[in-house]
Amino acid sequence: MKRSLLLAALVLVSHSVVAKDWDKIRFATEGAYPPFNSTAPDGSVQGFDVDIGNALCAEMKAECTWVKQEWDGMIPALMSRKFDAISASMSITAERKKKVDFTDKYYATPLALVAKKGSPLRPELASLKGKRIGVQRGTVADNFAGHFWADHGVDLVRYAKQEEVYLDLGAGRIDATWVDALEADGGFLTKPAGAEYDFAGSQVFGRNAEEKAVIGEGVGIAIRKRDADLRDKLNTALKAIRANGTYDEIRKKYFPHDIYGE
Amino acid sequence: MIEWAVITENLPEYAAGLWLTLQLTVLSLVAGLLLAVPLAVLRTAGPLVVSRMVWAYSYFFRGTPMLVQLLLVYYGLGQFEWVQARWAEGNGFWLIFREPYGCALVTFALNTCAYTTEIIAGALRATPHGEIEAAQACGMSRLTVIRRILVPGALRRAIPAYSNEAIFMLHGTAIASTITLVDLTGAARNAYSQHFAPFEAFIFAGLIYMCVTFALVGLFRLAERRWLGHLQPRKAGSVKA
Amino acid sequence: MLHGYSSSLLDGAWLTLQVAVLSLVLALVLGLAGASAKLSRSRVLRAPAVLYTTVVRGIPDLVMMLLVFYGGQIGINQITDRLGWDYVDINPFAAGVATLGFIFGAYFTETFRGAFLAVPAGQLEAGYAYGMSRWQVFRRILFPQMLRHALPGLGNNWQVMQKSTALVSIIGLSDLTWLADQAGRSTHQPFLFYAVVCAFYLAMTAASGVLFRSLERRYSVGVRRAAA
């Protein structure tokens, strides 16, 4: 009943033809994860993920358009064909690979605990028991904390956006946040709002096989499983921009150190 | 094909979410109603200055979305350093606003109080003049008239409109999920984000909301039968009478 | 003063207005259709209308919006795939308008139903006695008088609907509330931007109040009012 009503009432839909030769690609990003992706005051998206996506398209001689998508609905929207590729710092994990495919990684980041400077907290269960830890819902950090900490006495608070976590961290509502280290560095710790905060303890790439399985193998671009040709094109383009220095140029804009990992 | 796992695996969270939703709804409705009665009296029978102040409060809360009010209270207050200092000190009053639960309760209570004040004020104004005259003829003081005749009569008359407000409040608490509270909607959003299954996650929550709504409607119908049995059928269709 | 966000906030305000007005149009259409269905003699028409109003008024706006936005695309895709059509995109704007229009269509159904019933049957009978067709009776007698009874309820529902437009920010539509969210997050000054949003909604409420009061006055010409 509701579906037919929807069809009848939808005067505002737009038709789009899926380009099989991939000269037009629709990229999606979140727009709330600086410095990887964020929204400028005029509404456009910017950031490392966006620059990489544009560079890949330039290499593939394709025309790319960008769509903003809430993180919660990222993968379902990809599967519903709202766009063709996700460049939103999405980690390659076994769980996600059940639904979508990934290109090769284009950077890797460990997870880290961010808290007030001098905080005694460490990314271990013993240290975090009884503490309130903020994560963004649906991220690797959320999966990790949910898997290893949540049912063991750690108060896990889930937010829709990482930026909201920082707001509450600054306000003192949570004791720490568990987040991608690179994003915390570029998006919070190096900004005025993050002046009194720092990493607490070491950064975690995965201390055993179980943790590694949850954290994943780096960050890649997600595409639908049936679009293997797009994935191959993106991989070729990725190798090319890494070889010809475009990748390093983009990286230097945002990060002083290499972020690709091994 | 329905992925039952989405529901069965998250059933405890849905149950806890339902409990939180019920708490938020009932507590804010009760607080709002208790505050609304004196405010409505002030609005209709009080001095002009006070009546205007109540009008201004009610105008603000009825004229802006509850979502924005909630975000204003939660993220907005949290931004101020002197509020954060009060939290660090352990100041009891301000600590209410540190918790999302406290922020939600305060916002919802203030919001429903504004609407309820207007409903009861309207009911007060609709008091048949004969009742007031009879009360004065009996020698009742102003306060006694208010206490024994006006307010009870108004509360009766307000039941249909108030039942709509109660249902709006039940549905309105869903926005608590935007400030990290895991109420029924929050549980559905978590389930969706874990399993990527929107239909199962949200339709299940929707069904539970519907059951609670029906229970609430039934409760109010009982209340009407008990306290409003003497009135003819009311006009159907107005959402806020 | 607004940290460079003023022009994007204006765009957001315009978007919010568009969502509100388009949802209103959809809700009015659905409301009239629903009321007619509910008042019709045929059970086949009445049953779905009753189901519609019951279900929609039993679920929170937010939950329905999440369902329509996240689930609707999947549903539409299945339909278009089966019918062999092109991909039809449900952007947040379409989802927001469709959801709000759909939800408030149910409330408007009840408002219109009550309003239709409030027109004295004798007037309609007199119209038929004069030989007017069904359409003439509707246009000249039923509709204008029904509108007079419907306006207070419509006005109330519209006030509620205006504010429900803020919910579309949760499904990612860049409306005023979403932009204020984002500006607040980036500048760490959420209070300022939410206050701006409140001011905008208060202005919209005030304007609508004036509009509806003048509409009520126009449609109540010639009606004697009991002392207020």
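Structural remarks
Chains here go by letter, A, B and C, matching the order in which they are written, and residues are numbered from 1 within each.
Following the convention adopted for this analysis, contacts are C-beta pairs under 8 Å (C-beta built on N, C-alpha and C of every residue); 3 or more make two chains touch, one makes a residue touch a chain.
Computed from a predicted structure; not experimentally measured.
Taken pairwise by the contact criterion, the protein chains are fully connected, each one touching every other.
The chain pair with more C-beta contacts between its two chains, of B-C and A-B, is B-C. If you average the Cα atoms of chain A and of chain B, the two centres end up 38 Å apart.
Separation between the centroids of chain B and chain C, computed from CA atoms only, is 22 Å.
Residues of chain B found to touch two or more other chains are 75, 79, 178, 189, 192, 198.
Within chain C, the positions touching two or more other chains are listed as 70, 74, 184, 188, 190. Shared interface positions of chain A, defined as residues touching 2 or more other chains, are 72, 76, 79, 164, 167, 170.
Residues 59-60, 62-69, 71-72, 75-77, 79-80, 167-168, 170-175, 177-178, 185, 188-189, 192, 198-199, 202-203, 205-206, 209-210, 213-214, 235-240 of chain B are the ones touching chain C in the complex. Listed in rising order, the residues of chain C touching chain B in the complex are 55, 57-64, 66-67, 70-71, 74, 107, 110-115, 117-118, 150, 152-153, 156-157, 159-160, 163-167, 169-170, 177, 180-181, 184, 188-191, 194-195, 197-198, 201-202, 205-206.
Remark: chain B residues 75, 78-79, 83-84, 87-88, 98-100, 178, 180, 182, 189-190, 192-194, 196, 198 touch chain A in the complex.
Per the touch definition, chain A reaches chain B in the complex via residues 72, 75-76, 79, 99, 137-138, 157-160, 164, 167-168, 170-173.
Residues of chain A touching chain C in their complex: 1-3, 5-7, 9-10, 12-18, 31-32, 38-39, 41-43, 68-70, 72-73, 76-77, 79-82, 161, 163-164, 166-167, 170, 193.
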